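Chain naming follows the written order as A, B, C and D, and within any one chain the residues start at number 1.
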Amino acid sequence: MTLNVALFGAGRIGKVHAASIKSDPRARLVAVTDVMEEAAQALASEHGITVRSASEILEDKSIDIILIASSTNTHADLIERGVAAGKAVFCEKPIDLDLERARRVRTSVAASGRPVMMGFNRRFDPNFSSLRTAFVAGEIGKGELLAVTSYDPAPPPVSYVKVSGGLFRDMMIHDFDMCCWLFGLPDKVTATGSCLVDPEIGAAGDIDTAVVILHYGDGRIATIRNSRRAVFGYDQRLELLGSEGMLSVENQLETTVRKSTTAGVQSAKPQLFFLERYMRAYETEWAAFVDALSNDTPMPATVQDGVNALALAEAANLSLTEGRTVTVTAQMTGQAG
Amino acid sequence: MTLNVALFGAGRIGKVHAASIKSDPRARLVAVTDVMEEAAQALASEHGITVRSASEILEDKSIDIILIASSTNTHADLIERGVAAGKAVFCEKPIDLDLERARRVRTSVAASGRPVMMGFNRRFDPNFSSLRTAFVAGEIGKGELLAVTSYDPAPPPVSYVKVSGGLFRDMMIHDFDMCCWLFGLPDKVTATGSCLVDPEIGAAGDIDTAVVILHYGDGRIATIRNSRRAVFGYDQRLELLGSEGMLSVENQLETTVRKSTTAGVQSAKPQLFFLERYMRAYETEWAAFVDALSNDTPMPATVQDGVNALALAEAANLSLTEGRTVTVTAQMTGQAG
Amino acid sequence: MTLNVALFGAGRIGKVHAASIKSDPRARLVAVTDVMEEAAQALASEHGITVRSASEILEDKSIDIILIASSTNTHADLIERGVAAGKAVFCEKPIDLDLERARRVRTSVAASGRPVMMGFNRRFDPNFSSLRTAFVAGEIGKGELLAVTSYDPAPPPVSYVKVSGGLFRDMMIHDFDMCCWLFGLPDKVTATGSCLVDPEIGAAGDIDTAVVILHYGDGRIATIRNSRRAVFGYDQRLELLGSEGMLSVENQLETTVRKSTTAGVQSAKPQLFFLERYMRAYETEWAAFVDALSNDTPMPATVQDGVNALALAEAANLSLTEGRTVTVTAQMTGQAG
Amino acid sequence: MTLNVALFGAGRIGKVHAASIKSDPRARLVAVTDVMEEAAQALASEHGITVRSASEILEDKSIDIILIASSTNTHADLIERGVAAGKAVFCEKPIDLDLERARRVRTSVAASGRPVMMGFNRRFDPNFSSLRTAFVAGEIGKGELLAVTSYDPAPPPVSYVKVSGGLFRDMMIHDFDMCCWLFGLPDKVTATGSCLVDPEIGAAGDIDTAVVILHYGDGRIATIRNSRRAVFGYDQRLELLGSEGMLSVENQLETTVRKSTTAGVQSAKPQLFFLERYMRAYETEWAAFVDALSNDTPMPATVQDGVNALALAEAANLSLTEGRTVTVTAQMTGQAG
């Protein structure tokens, strides 16, 4: 049986998902919707499908899955409407910029019993997933120190920064999820940050450079370093020290060409940007979603995971503002009483 | 205007090309043919196209391109019938195992004036093409020593070896083309080889381990090393020493994960096998073919290139048999009188 | 004119310095002293010199330099007695475990006007010094994020830990100096740490795993990660993100041999331990000391540098104990009023 | 008991050996001789020893070892005179440029029963020796394809080239020995070469670029590539494909610093030149010689090894001149009846 999929959002990331669906024989893209009529129409004709309104899609019983790749402020509503309409939902991160709202979505989804997966794409990157497999298999013993390096090649426009929710919610959210995925939810968060890349970002009340420490009750420590600018490319690395060794993920380079001259030995830059670096991750992510649906197994990235990452971002913001270490409470992650 | 394509051969490599065509908005796969009815039918239903006979395809005026991915012994005839029917032709290497026959194809194609491209996929690998671009741009001065390392992960079945035309024609043909692409046609060939991997290959009259030197009139030297077995994977490297530096292509690894333990630092193996290593090359190759067709520019890999590589394989066979260095004549490459 | 040198301490590090002196034609080792008679005697006969008491050495006007490589608790006194006796002094880090005492040494040395160099060996490692040269030359623009990774292969005996002054003063002191050397003195320190490697270390009141953030007034951030155990060897790396690029120092491996098998590609481990990793640094360090003496130029690592690193260690201890970010005051570094 | 050593030759390589002897407690440098009076005197005063004539040295019964680091044309005579005088001999390669003369030395040495070691320094490089250890231990199964890359950073003066004996005897001799050390003596040699770097070298009757194939009776193949110029530095690599894997030695880089900018990722150049690259090899080589002397075990590089390498150079010259593959006979290596 083929799963019918409707796509919300015909932008850059929507197109990536459309391609994944197209190459998956188990699914069929049947409709697209976007507030930008033209974008929706272009994607529709490329895929030979129709543009429909959100309501039409949600009411159509023949549609099994909605894939939410529209703007962040629509995610929470669409997830709730999707599960209410009985759909399976795949939603790009984040659930919402507001943690309280995200927690309500979690409650709604739990009540609905419908499967929802959050698009934490890095979990499906072959490098990170292979590292995690080795770690979980005990290949380096017990985890001790985790360090995530995550630099964007260049800052986004300030107009985007203003509505992004800030660096912790917009950019470091991926790294928070990575740490939770490998080490679980931390007990405390210490954040520091500054504006070194673009003064306009500072003027907009945000930071562009940040370091966060995640403290675990048993003594494990994770650190995350973010910058909005690495002129050499998209820098996505991780290393994990354990009691019996270390695992690390290096960047994928554009080519393996090396040039040796009197100036030294020159290699290629890291792949630029996330669409290149995580191309395989997006395909695998989709397949994992359909696998979980088909086999009725737990989603590999849940709404709770989305809430957790957002709670860490909120704790980081608080830590930065108040200049102190912040405890991550069960209330923050919606797990309390 | 969309180009209609018919595919000859629904095997492993045929499927790769079908996927490339599918993702190219300028082309449309309309028909497939294969002596294996079942394979043809499977590919046809996956792509929503029809299975047709070779003759029907060639007679159909609405078909612009034939893509030949059938068995080697059909290549020469299909190229000739294709151009005779006015089609543009993309053909997997080699033209034929027989050099004389290949030269006749070259003559037919030239007479027809139709565009034909040979599928030397490695020319479109981003690593090799980026190396060549840097070399042609003079980034390492004048070329002096070229070394190609090309090891398969494991030998093919002996049944395949028996009809393969031998290591030089079947395997090293890619490396001969690589050398011609970078250094041009050499003047002389010295070949040596032995059977170290599988005695059955020796019993079938072939070798599985070989080293060839290509001598250029101006003193440049190229070396090619082949083995049918590298247990760590598909080893595809190249280095080029020039008067002002060196360019090299390293293997692409399966992941960038590194594990450091008391045993040392362990990295991933090279990607296995050609479908993985050259995945991007196949896509780029198809796009380059359609580009050349659309812009009416020279094909990036011609029938003459196919003849040249085959002539070097023949010279290598002669060198191996007679234990002497063999001169590559204009007659061998069909360029004479 | 040859400089006459007397060595305090005939242990492991004393021997390293003796070898550096031996290979320097500008200096001559003339005496050694050590509370361990036997060690002193062994070193003396190897070098054809005499064992003398500390007092004899300090009173001998023909001795130009004293090199202090004795136990930490003797450093402060010997520096003060050395400069009082008119000697030039080279002293292994730290000045003292007590910051107040170190500051007094700084005052004494300043009053004496004698040249004193602290043995921060990593500044002379060809890797770190080459990185710093490139950074100071502006090759990556303005510095933004600095990250130091520094893991020992295995924890020292608990008996040593008990008198070591704790991880921050004993081990991370090198990394504090590295950050000061590259970024200057920070404004604030945030420290976290735990005992994951050896419970005995925790029982002794120390930690074996630590992460520290150094905050700079202009927004730059440095992070230091320490562990007393990396089973794969001595891990000494650094990376520095700037506005126009990144500089990094990787480990030096024991050999450049790689083994590719079905298990992957295996490289050698990092050099073990500091005597191997910093062998060249020790030689260069000594030469830099004699250069500065001979040319009457500033010492490349001063007593103030030693005080600064110790002040950061003290701030880190305070931060760890009180769970808050600690401001580095001018009083701490002895620069106040 | 300390071994007394006299040094023949106070040039660059003589100084290297003098330093090795100095740091070895089992040996003592007692005399030096050189036709360049000044050089001999300088080395003598640095080491506090006396300059003596060759005859005085050879007649002095208290001298145990002579180390021959004088010009090539003196090697054969000095070895013979040394063993005749009952000395142990360490001699820099080659024995002589004339194969017939080298074979006579072999006979003399054998007759004398005195221990003689040839200075094939690369055997003692930690990278190459570690590769060999792994290979001999069977870590990659049976050897199949061996490839040696050996490029000098820049050609020597033509005046040197003229008396050098030619590229095969002067430069590739090290690589011939490396192949013999790993694979044993080959059965046949195919050589090609040209003059691409400096026309003056060609005018002097020599080549500066060469590729040689060594054929082994059991099908194994070794290739050697030489160039007198690699502008990026001294390129010394090796790879060895076996039935169960591959071992390779990469270059040692000047530093481990990497710089990532918009231009790519830049690493340091290989160490320049042999004194840097093989610094540790020279020390280990000397220690291995004294070990063998002390333990009365076979020398790790014998006169026969020197004859073998020279025989391959002669076969390569013949192959180059006559354009054919040359068989290595037992007569060439002096092993015949």
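Heads up, the rule we're going with is that contacts are C-beta pairs under 8 Å (C-beta built on N, C-alpha and C of every residue); 3 or more make two chains touch, one makes a residue touch a chain.
Model, not experiment: these values are computed from the prediction.
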Most distant chain from subunit D, judged by the mean position of its C-alpha atoms: A
Between B-C and A-C, flag the pair that has more C-beta pairs in contact. A-C
Subunit A to subunit C, mean C-alpha position gap in Å, rounds to 42
Subunit B to subunit C, mean C-alpha position gap in Å, rounds to 58
Subunit B residues touching 2+ other chains are 230-232, 244-246, 260-262, 268
Over in the complex, which subunit D residues touch subunit A? Could you list them? 230-233, 253, 260-269
For the complex, which residues does subunit B have touching subunit D? 142, 144-145, 147, 149, 151, 190, 192-197, 209-211, 213, 215, 219-221, 223, 225, 227, 229-232, 235, 241, 243-246, 323-325
Contact set on subunit B toward subunit A in their complex: 25, 46, 126-127, 130-131, 134, 139-140, 244-252, 254-262, 268
